[in-house]
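Inspection log for the structure reproduced underneath, given as structure tokens.
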């Protein structure tokens, strides 16, 4: 890991790079929102941000603290009721990219955001599915952002909260970038971040991690990427 | 029939009288709209008019010429999309009274607004059901306005476009007022207009018309009723 | 992203013979100018979809553009019959017209299902009506929780959806207000969409009651001032009620109707003199 | 017609022990003041319904008002866990909490079905998820036209729906704008409804993006200025983000939470010292 940027910064930059311009993104709060706005403020200015609170085409100057911040409505092209955002816009097949986080991901991309332990008597009760089950199923591509460790990269999730639909999937971690194998659908390490070894990625995975033959290396965040990202985060902290 | 008012005027006044104040009315264009606005401008000022174009609480100063006149939107408490007006407002059970017209009505209140003759090769193709099938089924009370004759009061309608739901029903004609018998659901003459005989009502009915034992007589339109009605109609003609 | 193009280019690019086409606008913002362009370009074998086939569908049907009509109420509002529609259904003139008939609630829900990416919608309604017996697009459906029987209707997803709106900006974002009808639903339900607008402006200032269709759900925007006449465009012009009343006379007779269309749409006379077949009974 | 009443009177009249109650507002206009009044009046055995149980549900659950929660995402947005919600689910404190869990899309459609008078709604979704196996409120349903299998969810019709809005007029007509969420749906779906408002005004001037709920679909309107704090009311006040962050600390510990509630809601201390049962595992 380089000394000039944090693992979270690298993850966010790697996620932002997945967005091409004019993409319609369904965004959750936190890292996904940061990544989408970073993309919008750097290489993909015409990215369309859709928040599940019903704001379409929001162009916030600063990062929202909640998914329903007033600024998201004020800068939106349209604000629609919540049933409409899920029915006409997400289920209607209009979302190119959905961002998701999770507590656990398994070998085949199932996500757990519900419980650690047993569902009926959980050790840790997590927030639950929220918009994720339908985002995972309906978006043309799903970008999952999750820190990689044997506790998060598990052979079998404690609860299948969301499962990938027919769209593409990419999993971005603090160690690298994974995609499902086109045949077996098994998550495969396709790219590794600067300063990370394949062994390290395998050690932080709860199954026998497959590595692509043509493993690529992630470029370090550029000065522009880091500059914009830090400005976004500083403005966020100042408001919080 | 009295000399001082027409049969249409009497029908409209009789329909308006069926509305009590604070009633929520789902209104179609033509006589129903005239009757509902007459009620609103006389004995029932807080009648709420809902038009199927999505205007809720319209308070037009003059009668609309179409169901979607701009004035209906401008004077409304709310304007909603058409799917919403049918789903949340009509099907949601929020309509007290629905007004309907028809080309034919049968002994048990089924209405035909679709065809005269065979459906596949009609002699006369009528406009069709429009909002009527759901209004008939969902409104708490349905008021049907129709001129009475052997061609309109038929033993069996050529096409069942709309059938009464579980709500109340009243049929207002140029000869009298009919309601379903509480047991048999057969339309029964309950009230007769001034100057009309029971024999006349029976002659103008295509089945053996039942007459209530306690047959009442319709009061002639009052000066106020006729005055307001004629003002409405004159203003309408001036605009047409 | 919507392209800003001319109306004739838009119709040429988006509407093809045999397409299913919905020109929507519930009493307000009826896309007459776009419909006239479809007539001018002599599109044929269309499946026309519209809750309330208005004068514009009477014209399209009378000019032989349609082979099928999906609708819920086919009249001249406040006036009476649509004579060309009746002539087509009753006498197959100028060509036979297949019909698929629903209630307003059914049509609105079919559009909403189309917009929502669902294959069908559920509603209370149609029960006891004869439409149930004459339609392959109605089916009973049982609530899995209560056992109640309701009615299912299939989604409508036109090849082309056409609506009229007050404004668009130069990026192709569309704004409309007043009675909004099913405009949003039909644009979202259609594979391709055309929005004609009263004017293209620099900025869409927010307005009470206005909805915005973002440019990326619209295929083409074409400026067509007065493009909803004789219906109306809220805050632009009123409904031309006299036109609706005159139409009753104009459309009553086949020859008179054709002459009127040739004259008022500036059609080349020859192409419209269809060989008339005797479909009388 | 809605009655204009005080908040304590409204809660007293409309909310009864054992009721199903939805306090809605998606991230915006969350009815905190109304929720606090429910706590003050010591309502018990409630079935609480809300897409995103927020701090207000953490408080209601922690004070022992709820026996069941119907929800789709239970967290402190941007911060982390709802500790009282977790303590109830994980340790049955202060009382056991039954849960009925859905996705956002499922909840939104359940509300919409309730508003539309339908027993169920249909959506794509839930397929392959374990929620299907843990829920009696999810069922497969087959499209009668295409044969495709989708998911049905039952309508939600709360005994009481509570929302916050910016304004009402003196007749009880309600106006709200900004993110409108599911406010309309929950008012229309509920048997009784309470709307708290920032202010009662003489006239509701039309505003861009505003919706109006007519007085005759609302049971009671109560003035509650700042009634959505620490969430926000668009054009009135901003979200109190620091409050959300501080809540993480306040709510982490049972004693500290109770003390905070007693102090901040001005509760009579005695009534809240529930006999604590050992539900630890």
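The letters A, B, C and D name the chains in turn, as written, and every chain counts its residues from 1.
FYI, contacts are C-beta pairs under 8 Å (C-beta built on N, C-alpha and C of every residue); 3 or more make two chains touch, one makes a residue touch a chain.
Note that this is a predicted model, so its numbers are computed, not measured.
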Pair joined by the larger number of C-beta contacts - B-C, B-D: B-C
Approximate Å spacing (C-alpha centroids) for the pair chain B, chain C: 28
Distance from the mean Cα position of chain D to that of chain C, given in whole angstrom: 41
Geometric centre distance via CA averages, chain B-chain A, whole Å: 57
Residue numbers of chain B (touch at least two other chains): 87, 91, 138
Chain C, residues touching no fewer than two other chains: 112, 117-118, 123-124, 184-185, 209
Contact graph of the chains (line, ring, star, complete, other): other
Contact pairs between chains, per stated definition: A-C, A-D, B-C, B-D, C-D
Of chain A, residues touching chain C in the complex: 22, 24, 48, 56-57, 77-78, 87-88, 91-94, 138
Partner chain C, residues of chain D touching it in the complex: 117-124, 137, 139-141, 143-146, 148, 150, 152, 154, 206-210
Residue ranges of chain C in contact with chain B within the complex: 26-28, 51-52, 71-75, 77-78, 81-82, 85-86, 89-90, 101-105, 108-109, 111-112, 123-131, 134, 178-182, 184-185, 209, 232, 234, 238-239, 241-242, 244-245, 281
Complex contact set, residues of chain C against chain A: 1, 112, 115-118, 173, 184-185, 188, 211-214, 216-217
Contact footprint of chain D on chain A as seen in their complex: 29-30, 52-55, 65-70, 72-73, 79, 81-83, 86-87, 90-91, 110, 114, 119, 121-134, 137-138, 159-163, 239-240
